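In the two complexes below, chain A is the common chain; its partner is chain B in one and chain C in the other.
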Partner chain A sequence: MGLYDIIFYLFALVTVSSAVVVVSAKNIIYSAFSLLFTLFGVAGMYVLLGSDFIAIVQLMVYVGGILILLIFGVMLTNKVTNVEIKSGSIQLLPALIGVVVLAVLLIMLMTNTNWHIQPGVIPQTTTKELGKLLLTDYVLVFELLGILLLIALVGAASIARREE
Partner chain B sequence: MLQVGLQHFLIVSSILFALGIYGIVTRKNAIMVLMGIELMLNSANINFVAFARYGNFGLHGQIYALFVIILAAAEAAIALAIVLNLYKTFAKINVDEVNNLKE
Partner chain C sequence: MIQEILIDLFGNEIVAFIISAALPLVFIVPFVIFAVWLERKVSAHMQDRLGPMRVGWHGVLQTVADFIKLVQKEDIIAADADKKMFILAPIMVFAGSYAAYAAFPFSSAYIGSGVDVGIFFVIAISSVVVAGLLMAGWASNNKYSLYGAMRSAAQIVSYEIPTALVILSIVMVTGTLSLAEMSELQAGGFWNWQIFGGAETGLVKILLIPFMIIAFIIFYISSLAEVNRTPFDMPEAESELVSGYHTEYSGMKFSIFFLAEYANMFAVSAIAAILFFGGYQSPFGYIGDLLGIDWLVPFEQLFWFAMKGLFFVFVQMWLRWTLPRVRVDQLMTICWKYLIPYAFVNLIIIGLITLI
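For the complex of A and B:
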């Protein structure tokens, strides 16, 4: 059990335990802040899997963008002076049973399948190769995603600021 | 079994996926439902990157993980705009109370 394994178990522990807090905390602000730790843990897993660029993008887009956006949403839709920002839960028991069954099935599937493992060479840095792929093989998808982001930006602004 | 391999990453992503579904199904607040969706997208991304690393697919898996992150950003922006609009119209964002499309 080398250093790699210890770091993996550390990140897995952080990810899973903070994800449990995300879905079970009564206070929405607590959920949002433990989502921060979940996203950090997932970024650590990307680093362990040898994809440095994806990890940085995860930190910049998820932690720097989406999470801040979610916290803005929480602040704008609750009375901020009210310290206790509660969120109720419904159908806890049936959902718990269903989700545990699903998780056990998924884990059994993942462990019992005989995956064809063939590790390739890990490149030192992936940024250059990713950039080449984006502008050659995936250039159409790249352009479409740019247009999609533009449409999402305009659409979000127009939906959120609709005048009466 | 303690040696970390592909299956360990897959197990973590399965747990994240199940927790995301649990959040979506049980929470009332619309923003909490969004957080559940983010958890599920992250678990899918772990799978993409893990298979790219252990299946010798080069960097194609990582490219798709990048696309998923971009789509998640667009989805979060649109969904929060809808939630804000909902709050302006009904003054509540619990998904079990909002059951009309207009006032």
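For the complex of A and C:
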């Protein structure tokens, strides 16, 4: 087992164990903060796969943006001084059925697919190539996503200002 | 380079990388000890006082004494605090600020990780600090702590935008995200520094200078806000919030917060130095080159890097004892109504100039 295997299992452990806490914690704040470690672990996986840019974007967007917003939301919408932010388990049977079906499907997919395996060549850097692709082959999607984000921004501002 | 030497020395990648990862700590701890003393001296002299005078020459060892005192203190965790998160928070905050040091080229011989996305990584990893601060504020179960943490997070998140815009304009000029390459591009004397138009020549260089200065000012203001320094120290505002998110912390945990805060101060100063003032490059030339001693050059570079960083840390202290604190609404006005539009316009102009 080489250095990279050890690092992979470390990240896998962090990701999976914190993901378990996310779904099982009674306190929503715990779930929110555990999600941080899950996202962080996934970023680590990306680094090991040689996609440095995606890993940093993962950190930036999910940890820096969405997660902080989530924590803010949880903190501001609940009683902040008392720990009364609880989440319980309901609908156990339907959830169990759903999980089992999904798990079986995923395992079937994993075992039955004819995976295209080739020795991985880890690129030195992905930023330049990604930038080129985004502005040539995928420029339409890229621009559309930009417009979508702009619409979301304008929409949020108009909702926030409606009462005036 | 140091990584290779360490691998040769220990014959083991894992040990070598762990040691290499610990090297910035060897820099940060003496820096913090010095900077805390400097802060007290600067504040004292600005207010016509002497400051610490008793421990060592002009009180140089005062921080060491203070540190020994802090270590001895009882480690108090309030009864209603959330114990697990209370302990985890200072670690997260320090880990976040320390991780940023991985991408800094201390000299041409040492950079923790030569990743190609250096500066982007530094911006992204600072979000871990924000999460840690929120954790500290929430776990303390104290309204002042929570207010401090909320203010701090809101401030850091909003001031990230002008910072990122300025960094983007530098990236457009240099064409790289790697901090080591950026420093490399500014070699050969201070007139090649980015603030003086970088290594460009002729018209482009002259046109770039005023906009680079504007970019630097925007960057410096927003970096002050990102490390919660006066005039943007609402998160700690002693007169209203006791001391913000670390109100409930004592002893060793408090000193870890302090360490992280000063490490952050140096980090943003180092980024300013790398982006605009040549990073580890000497402004004049190297004594090592002059005498033909090759191994001296990296040490000189380390010296210049530390000096530039320290200078900007000194400016931060200078501003702290000169300017009053702004209000929360003024803070948001400065960011959203002034810095961000200016940064955007500046970005467009610099983009146009680089097309010439």
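In this text, the second predicted complex is superposed on the first by the 147 of 164 C-alpha atoms of A that agree within 3 Å, B and C clash if a C-alpha of one lies under 4 Å from a C-alpha of the other, contacts with A are read in each partner's own complex, and residues count from 1 in each chain.
Just so it is clear, a residue touches a chain if its C-beta (ideal position, glycine included) is under 8 Å from a C-beta of that chain, and two chains touch if they have at least 3 such contacts.
Keep in mind the model is a prediction, meaning the values are calculated, not measured.
Once the two complexes are overlaid on the shared chain, A:Gln124 sits against chain C while remaining clear of chain B.
Look at A:Val63: by the touch rule set out above, it reaches chain C but stays clear of chain B. Of the two partner chains, neither chain B nor chain C is touched by A:Val14.
Looking at the shared chain after the overlay, A:Met45 reaches chain B, while chain C stays out of its contact range.
In the superposed model, A:Phe72 makes contact with both chain B and chain C. When the two structures are aligned on the shared chain, A:Phe53 is found in touch with chain B and with chain C. Of the two partners chain B and chain C, it is B that touches the larger number of chain A residues. Residues 53, 57, 65, 72 of chain A contact both chain B in one complex and chain C in the other. Of all residues in chain B, only 2-12, 14-23, 25-29, 31-32, 34-36, 38-39, 42, 45-46, 49-50, 52-60, 62-63, 65-67, 69-74, 76-78, 80-85, 87, 93-94, 96 touch chain A in the complex they form. Considering their complex, residues 1, 4-5, 8-9, 12, 15-16, 19-20, 22-23, 28, 31-32, 35, 38-39, 42, 45-46, 48-51, 53-54, 57-58, 61-62, 65-66, 69-70, 72-74, 76-77, 87-92, 95-96, 98-100, 102-103, 106-107, 110-111, 115-120, 122-123, 126, 129-130, 133-134, 138, 141, 145, 148-149, 152-153, 155-157, 159-160, 162 of chain A touch chain B.
Across the interface of their complex, chain C is touched by residues 3, 6, 29-30, 33, 36, 40, 52-53, 56-57, 59-60, 63-65, 67-68, 71-72, 75, 80-81, 83, 124-125, 127 of chain A. In the complex of the two chains, the chain C residues touching chain A come out as 13-14, 17, 82, 85, 115-117, 120-121, 123-128, 130-131, 134-135, 138, 141, 143, 146, 150, 153, 157, 160, 177.
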